[in-house]
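In the two complexes that follow, chain A is the common piece, with chain B as its partner first and chain C second.
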Partner chain A sequence: MNQLTRRGLLGLAGTAGIAGLSACAGTGTSGSSDKAGGASNTIEFWSNHPGSSKPVEQQIIAAFQKENPGLTVKLVDAGKNYEEVAQKFNASLAGGQLPDVVVVSDVTWFNFALNKQLSKLDDLLGTAKVDTGDYVDALYNDYTYAGGHFALPYARSTPLFYYNKELWAKAGLEDRGPKDWAEFKEWSTALKAAVGSGKFAMELADGSNYLDWYFQNLAWDFGGAYSKEWQPTFSDPNTIKAGQFLQDLTKAGVIKYNATPEADFSAGLAGCILQSTGSLGGITKDAKFEFGTAFLPGTDNCPTGGAGVGVPANISDARKANAVKFAEFLTNPQNTVTFTQATGYMPVRKSAVELPEEKTFLEKNPNSKTAIDQLAHTRSQDNARVLLPGGGARIGKALDQIAQGQDVATVFKALDAESQQVFESQIKPKL
Partner chain B sequence: MQSTTSGTGLAVGERSGPPEPVGPPPRRSSGRTWEWSLAGLLLAPNLILLIVFTYRPLLDNIRLSFTDWNISAPVANPVGFSNYIEWFGREDTRKVLSNTLIFTVATVGISMGLGLALAMLLDQRLRGRNIVRSVVFAPFVISGAAVGVAFQFVFDPSFGLVRDLLTRIGVAVPDFYQRPGWALFMVTFTYIWKTLGYSFVIYLAALQGRRADLDEAAEIDGASPWAHFRKVLLPQLRPTTFFLSITVLLSSVQVFDIINVMTRGGPVGNGTMTLVYQVYRETFVNLRAGYGATVATVMFLILLVVTIVQVRVMDRPQT
Partner chain C sequence: MSTTATPVGSVDEAPEPSRRRGRRRLAHGAEAASHRSPAMTVAGYVGMLLVVLVVAVPLFWIVVTSLKHRQDIYVQPAQWLPDPATTNNYHDVTTRIPFLRYLRNSVIITVVLSLTKIVLGVLSAYALSLLRFPGRGVVFVVVIAALMVPNQITVISNYALVAQLGWRNTFQGIIIPLAGVAFGTFLMRNQFLSLPTEIIEAARLDGAGPLKLLWRVVLPMSWPTLVAFSLITVVNEWNEYLWPFLMSDDERTAPLPVGLTLLQNNDGVTNWGPVMAGTVLAMLPVLVLFLVLQRQMIKGLTAGAVKS
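After this line comes the complex of A and B, so read on.
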């Protein structure tokens, strides 16, 4: 018999290690068991605490438990961002221990709805007598699919145009944001001169950090889009014009890309940025100069974003009823005010802005008011970004390529083909 | 020197083993059964764990690689070899493979080479060597995510330490986050910094357990430092080198946290995309768990071949 040598043993250990490594990819599709896990009087709320909101979420939960003594809410740290929450939820779909309420982003909710893993909320909301007409229409209707709603808006945001007022004055510009991107281009020479060497007139997040979200505004301003319904339109001449515009400003040294442009802006290294309303709190705290916020350039072309809360499909009816009760409480006028004042996100209820404490807050914080005023000028995002799996990452990659000088038409043509292929293989058969 | 008697006082040629058994042969079968039972009993716990948590998922993963499973969907439809055909035909496959190769070769080669050099240096009787040993090993016990966050600041193009140092000597600062080549350099450097301590401490242990008489013999024979290293030290470190080459290779190929924190596989989509990160990207971002399983299976096969080659090479008799 052959002796098992030390090398042989190491080889075996290595093979086991390799096998273990490969086994990490995925293990099965057996989950989604009916009425999975959980006690009916405990509501498990999976959140990434958007905008560092854990203390506020705990505060709202305490108020809910006080109002509903028979119910307990367990707040679970489900990840550091929306993608991680979605990964944990996907794991629970296979494992069977489902939450009662889960945070789903503008990008992650649809795949769950398409695969029947989120409850259609309309009947549940009707039974609970929730006034859905009080939700901001644009935000509530973002979660519409197959004639129903699959989430309630919670931590909702839009991009804002943040600008350094001192730099604006130095460049001799009016104290406002640009009307459109053409005007920004006119301003860029003066801004570049005013900002000085080693700094940039504008910084944008790169393709790995949601440039695809911000660029939508630019594409729309040029009359283009990522898609019309399910038809990708990256090769539309107007979308290509927008891409060319971005590339030209980059080549001219006006725009720089960064993983965290808000940090450079707060440090005075960038004259202006496009950034989420959710960053307002942090920038207000960190910036040592006067800054302003404005609508995104253009007219009625600001994309919505952020997250809502959904209820899994495969939990008991009793759990669903409790989940909807909590989701409504979490997003009621009073609590949306509490939440948004602490984080910088936007109130998701129409009546919230009429509450006295919100009026006082907005008077004292005009930058927060910009986001609310801009809400009337928002537009739902294109399917190619938010509804196609991997849409954001795919578009982000293409925009990185454009920023680095690759031919815009070629990059967008390839993106069109790739998006169409994803639609044909992953979405169309299920529609 | 020859002797006519052994240490036991027996004359050479006399048998010194146990006396020949007399009578009927012992019943070996019951003894063997007992040995096999004991072996089975001792092996069973680990074997069960390996089967449940490693080999069953591995087989499941291979099965899934032939499906179109969307990770949120309750069912997966068979698609034959189409995932494999797509992977081999896709434009980004070459980039992912070359990133993985560059990252792995650089991290394995440099961390083992530097680890050995540091181990040899700190094996000397130097003042304060214990403190330096601790400092070299410390990064290994820090979590990869924390190291990634810290090195984001080191390489930050606006505030980073690297920028500060390069600016002082008048060198232009590369944009580590926007240029694929520099981004790959950044994550490779960070990973080497984190794992250097592991190679170092294993080599140090091996050096301290080496045969002193061989060092003395080399010294008496007047061997040069290079000849001493090559002919005396390296052969003794061969098993350690083999062990490290496998473990460092496997951990390098598995790197995820640092890439996820620092670049998310970018810039330009796949600037720092490795095989493991592609598994993650396809499974959890593009939601194509079936395709992700295909990448994982390909990676398994590649590593299996590499490991077999490593075992064969190390098993070759030394000349």
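After this line comes the complex of A and C, so read on.
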């Protein structure tokens, strides 16, 4: 056989490869009847520790176990970002041994809910007598689908407007953020002159780094949107106006795009940025100058973001009950305060801001207070970004094209068609 | 960390653009070099210099960043030397995450996996090249086929299987599914086939049994290939991410590449100092091993070159 010709060898190998593949793919379908896996008094919590929060999570778990001596919580390192947690959760869905509580982000939860892999929490929360009215409405309602909620808000963030106070003074501007984008445009000439060459008045994350998240604010400010329910509205004249606005400012050299604008901002290279509240802690440590935070430009049009915790669908009822108990504990007023003070995320409970330790914290940290005050002015994100598979990446790519100078109407029209097609083929049949 | 797998050449052949060295080279390889114009020679050196820079600058940057204070990492103009230098980042790595436990896990996984793979690879290649038995060709083709299935495809079904065995978050769960070794079999088999048949036959005539033949005759002649294979295996296992990440739940079994991600901030500003310090520490063991084995590899290569 050593004299096999090359072609013969490749052919044989290919055939054997296919045979091997089909053999492998068959494994692991058994045992789906009892996906329970873990013991019912152990709660497995799969988390990516948003905002380097592992120690805080451990602290909250210790408090939970003290209050519920019969239950043990096992904290599992489930990945370095939300996508990896989703990947690991996906693997476990194929092969059993599901977690009890899992972190799901604003873009990953829906696909699991759609495929009936996450539990609808409303009844479980009712049985556990949880007062869901205390969750911040915009945050809680982000997880609504088919008349129910599929996650509880946990590590939630919004974008903030960060600005360099020294530059603002130099440009002769009032010490505040712009009221709306029109005002920012008026300011931009003065800012551009004040910031000097080689630096930029504003930096935004590029399309691969969630520009699509921040741009929602712009689109809304101009009266546009990504979608209305499931109907994509990129070619709405107002959305196009917003795209044109972004392109004009880019051409004028006011805005620059970058993978990590927060780094440039901290180094004094960018006058202002739109960035997640989660970056507040890091920027506070890195920046060598005085900076301020403000609401995003416009009224009541700040998108929410971040992650919640869900409970898998295919676990026993006893496990579900325990899981909800823990998920509630994790996000109760006391713990949401502990968690958010350590990380920079937002408290997810209305009553949290009334707690004395939160009041003192906010007095000492006015920049954190901006984020919390803004919470009342948030708006749930458009379906085309968070619920359509690949939505964020698709919009980000289109925005990159617009920033590079392609015709806005054409790009958005294509995006409309593409989003519609994804909806028709992947979502509609399952609704 | 994948940079540790750079070819041997990049270290030895660091360009030394002095004229004398150039002339000596010329004398050595007179046949090839005599036709080359000076311009080409210069271009060659510039090319080599570029390659070295491409490899070395990121490495240098990792080391330098690991010694910087946090405020000095993101600055313009870039700081090429840490000023002032600090070892705090290294302290951070060892205190913020259980670094030693991750290191221990990495060592266990890498050592066991590499040994298994090397032994399996050598034995199966030996059987497939020098022993005669029916179905030998078929077995070889099946092994090669395994090489052609990317492991991302088998991950989900492997996960299902291993999870049902209750092996999640255990060392056997991480090690056993990774221990199959098509590449080694392929590489070593071709090496064994390239050995002169006269020597093998002579050994057989002298009464060497299969194992003695392998141990005393075949392996000593295949040393360089074996070292290269071992090195590739060790580096691969050391850097393995996807499977250990899926299998492990915490620091009881997770190896370094998984552990180091805990230093990165998911959503917000990462403090890169400790991440770089962790990277340097994770790189060191493999680097040392590489330097040690590299000498072996060259020894083997030159020893073979003069003989026939």
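In this section, the second predicted complex is superposed on the first by the 395 of 431 C-alpha atoms of A that agree within 3 Å, B and C clash if a C-alpha of one lies under 4 Å from a C-alpha of the other, contacts with A are read in each partner's own complex, and residues count from 1 in each chain.
Just so we're on the same page, a contact is a pair of C-beta atoms (placed from the backbone, for glycine too) under 8 Å apart; a residue touches a chain by one contact, two chains touch by 3 or more.
The shown structure was predicted, so the numbers you read here are calculated from the model rather than taken from an experiment.
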Original post:
Between chain B (first) and chain C (second), which, if any, makes contact with A:A267: first, second, both or neither?
Top reply: both
Original post:
Looking at the overlay, what does A:S208 touch: chain B (first), chain C (second), both, or neither?
Top reply: first
Original post:
Where does A:T293 make contact in the superposed view: on chain B (first), on chain C (second), on both, or on neither?
Top reply: neither
Original post:
Thinking of the overlay built on chain A, is A:K74 touched by chain B (first), by chain C (second), by both, or by neither?
Top reply: second
Subject >> Contacts of A:K285 with chain B and chain C, given as first, second, both or neither >> reply: second
Original post:
Between chain B (first) and chain C (second), which does A:H49 come into contact with in this model arrangement: first, second, both, or neither?
Top reply: second
Original post:
After lining up the shared chain so the two structures overlap, which partner does A:G95 touch, if you call chain B first and chain C second: first, second, both or neither?
Top reply: second
Subject >> chain A positions touched by chain B in one structure and by chain C in the second >> reply: 13-17, 19-21, 24-29, 31, 87, 90, 263-264, 267, 269
Original post:
Where on chain B is chain A touching in the complex?
Top reply: 50, 53-55, 57-58, 60-61, 64, 68-76, 152, 157-159, 177-178, 239, 242-243, 246-247, 250, 253-254, 263-270, 276, 279, 281, 283-289, 292-293, 295-297, 299-300, 303-304, 307-308, 310-311, 314-315
Original post:
Inside the complex, what are the residues of chain C that reach chain A?
Top reply: 70-71, 74-76, 136-138, 140-142, 144-146, 148-149, 153-164, 168, 193, 245-246, 248-251, 254, 258, 261-271
Original post:
Across the complex, what residues on chain A touch chain C?
Top reply: 1-2, 4, 9, 12-17, 19-21, 24-31, 37, 48-52, 54, 74-77, 79-82, 84, 87-88, 90-92, 94-97, 155, 157, 262-264, 266-269, 276, 278-283, 285-286, 288, 306, 343-344
Subject >> Complex contacts: residues of chain A adjacent to chain B >> reply: 6-8, 10-11, 13-29, 31-32, 83, 86-87, 90, 93, 111-112, 114-117, 206-209, 257-259, 263-264, 267, 269, 389-390, 393-394, 396-398, 400-401, 403-404, 422, 425-426
